[in-house]
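Below, each structure is written out as structure tokens.
The following pair of complexes shares a single chain, subunit A, combined with subunit B in the former and subunit C in the latter.
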Partner chain A sequence: MLDLFILIIRYIGLALITLGGFASVIAAIGFYRFKNFYLRLHPLTINTIWGCVFPLTGISLLTITLEELGAYKWFMAGASFITALIVLMLAPAGSHAIARGVHKSRTARVKPCIADLLDKDLCG
Partner chain B sequence: MRRITELAVILSLVLGVSVLLVLAASILLPGIEVRQLAFFYLYTTINPWFQNYTVNSPEAVTAIVWDYRGLDTLFETSVFYLALIAGLALARGLFSETPQGSFNEKTHGLTTIVKTVTRVTAPMIIAVGASIGLHGHLTPGGGFQGGATIAVIPLVFIVVYSTLFLIARGVTSNKMLVLRSIGLLGIGFTSIAAFLIGLAIGRFAYVFQNMPKPGAVVGLPADINGALISGTLWFFNLFEMIAVAAGFTIAFIILLLAGRGGSGGR
Partner chain C sequence: MIWEIVLFVSILYLLNIVLLTIIVFKGPTIGDQVLAIDGITYGSIVLLILFSIYFKEPILTVVAIPLALWVYALDIYVSKYLERGDLGA
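Up next is the complex of A and B:
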């Protein structure tokens, strides 16, 4: 029973790491393809949450099941989990601050534009 | 024509660096055996069977920085101190331009989201910095690294909350200079601690002495109640951490001074 539980946790961890790699590639494509600054911020946050928080959580789940690491597995799992939590807090705040700062200082225009309800002059 | 020239320059640079790397790899690559000097450091950094020469610190880098070549590091710290003094002297007229208003949570700084996240992460950054600094004699890190990590806090608070927030909380460049001087004085006293003990009990001791050496039996304790402090190294790291954190804070306050008519971020 315990072995099955450990196996499930290990595969959840591996799945999260794979998901992170996949999301990173998607984010890279989006980063290349999206047309303006605000749209490019979107794949950036995909990379920080899907491509960083999820794999880190996966690493922490995976290392818990690895008996070869000995006592260090708790150290690695804890460090990964705390890092994931900190990134989960910091990354959205950072991208929010960047987007708001750029929009307020009118550095980047919204182009192509459908609607910019905050500042109509920046549209187009 | 220009594109071809650029391409030729880039190609020749890449090829030249490759040739250099290949040559360097065949001539300069170190062998697998430990060199004599490195062997001496590794052998003596923590060695309970060699009490008269050991530093009692598992972290060889900190041992080298603050014990084997401590005088060098003291001068490095002094240079950093003098550079800050020069920076303060250069910017001395600018302090009067700092807006004298009080900090207003609603009108100053970035949005509530960023402020809240900053408030939550600030204690974590201090904890990490203190851990890097005070465990400098056990794990990689040390006073400078820990202090630089702690100095991130005032930088983030200046950006997110505005300089007025720091001034309202009493973090001014003058107070930081006092803190920095306390750190430097602490480093100075730690460097002559063994010497002063030697003077007090009438034994011969060196300046910058850490553990007892042959001919100079005075030394600082390697551990307190079983917790390893490696003699002077822990104190050096503590004071260096205070000095560097305060020093970088001064530098950030000078560099990010709110200008005349600045409204603190909005």
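Up next is the complex of A and C:
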């Protein structure tokens, strides 16, 4: 019974890690496909949550089941989970800050533009 | 099978880092470059921990938390510089 539980946890962890790998490649392609800075915030979000937070949670699940790591498996699981929590809290705050800074300093134009209600001069 | 999957996902993360490094050098605005550096850092956090599993070196995990904090500081510094023109005291 315990072996089955460990096996399920291990496969959930591996699935999350694999999902994260594919999501990170999709996010990198998205950086090329989207047209302007404000749209490129979207692939960064994919890179952050799907490509970093979920794989780190998966790694922390996987390392619990790995007996090869010895006593350090709990250390690695805890450190991965704490890193996932830190990224989950700090990454959205950071990307909001950089979006606000770029918009206020008028560094990037909104192009192609549908509407920019905050600053109409940046449109187009 | 675990080690093969870990190695395969590491290759995917390396591909992510290489693609984003090109954006860092050729990105149209400074905002795109900072976003790409963000992406590279998040990729390398996961890559470091995957390497620490693959090589069974738990000490590599320690580097991940300062990397996450460093990239947040970079975002805040660049946005403050863009808004006000200097970093302040």
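Simple rule for what comes next: the second predicted complex is superposed on the first by the 124 of 124 C-alpha atoms of A that agree within 3 Å, B and C clash if a C-alpha of one lies under 4 Å from a C-alpha of the other, contacts with A are read in each partner's own complex, and residues count from 1 in each chain.
Assume contacts are C-beta pairs under 8 Å (C-beta built on N, C-alpha and C of every residue); 3 or more make two chains touch, one makes a residue touch a chain.
What you see is a predicted model, and the numbers here were worked out from it, not measured in a lab.
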item	value
Touched partner set for A:66, first subunit B, second subunit C, both or neither	second
Larger contact residue set on subunit A - subunit B or subunit C	C
Subunit B versus subunit C as contact partner of A:90, first or second or both or neither	both
Which superposed partner A:80 touches (first subunit B, second subunit C, both, neither)	second
Contacts of A:100 with subunit B and subunit C, given as first, second, both or neither	both
On subunit A, positions contacted by subunit B and by subunit C	86, 90, 93, 97, 100-101
Subunit A residues touching subunit C - in the complex, by the definition given at the top	10, 14, 17-18, 20-22, 24-25, 27-29, 31-32, 37, 40-41, 43-44, 47-48, 51-52, 55-56, 59, 62-63, 66, 68-69, 72, 75-76, 79-80, 82-83, 86-87, 90-91, 93-95, 97-102, 104-105, 107-108
Subunit C residues touching subunit A - in the complex, by the definition given at the top	2, 5-6, 8-9, 12-13, 15-16, 19-20, 23, 28-32, 34-36, 38-39, 42-43, 45-46, 49-50, 52-53, 56, 58, 61-62, 64-65, 68-69, 71-72, 74-76, 78-83
Of all residues in subunit A, those that touch subunit B in their complex	86, 89-90, 92-93, 96-97, 100-101
Subunit A partner contacts - residues on subunit B that touch it in the complex	110-111, 113-114, 117-118, 120-121, 124, 160
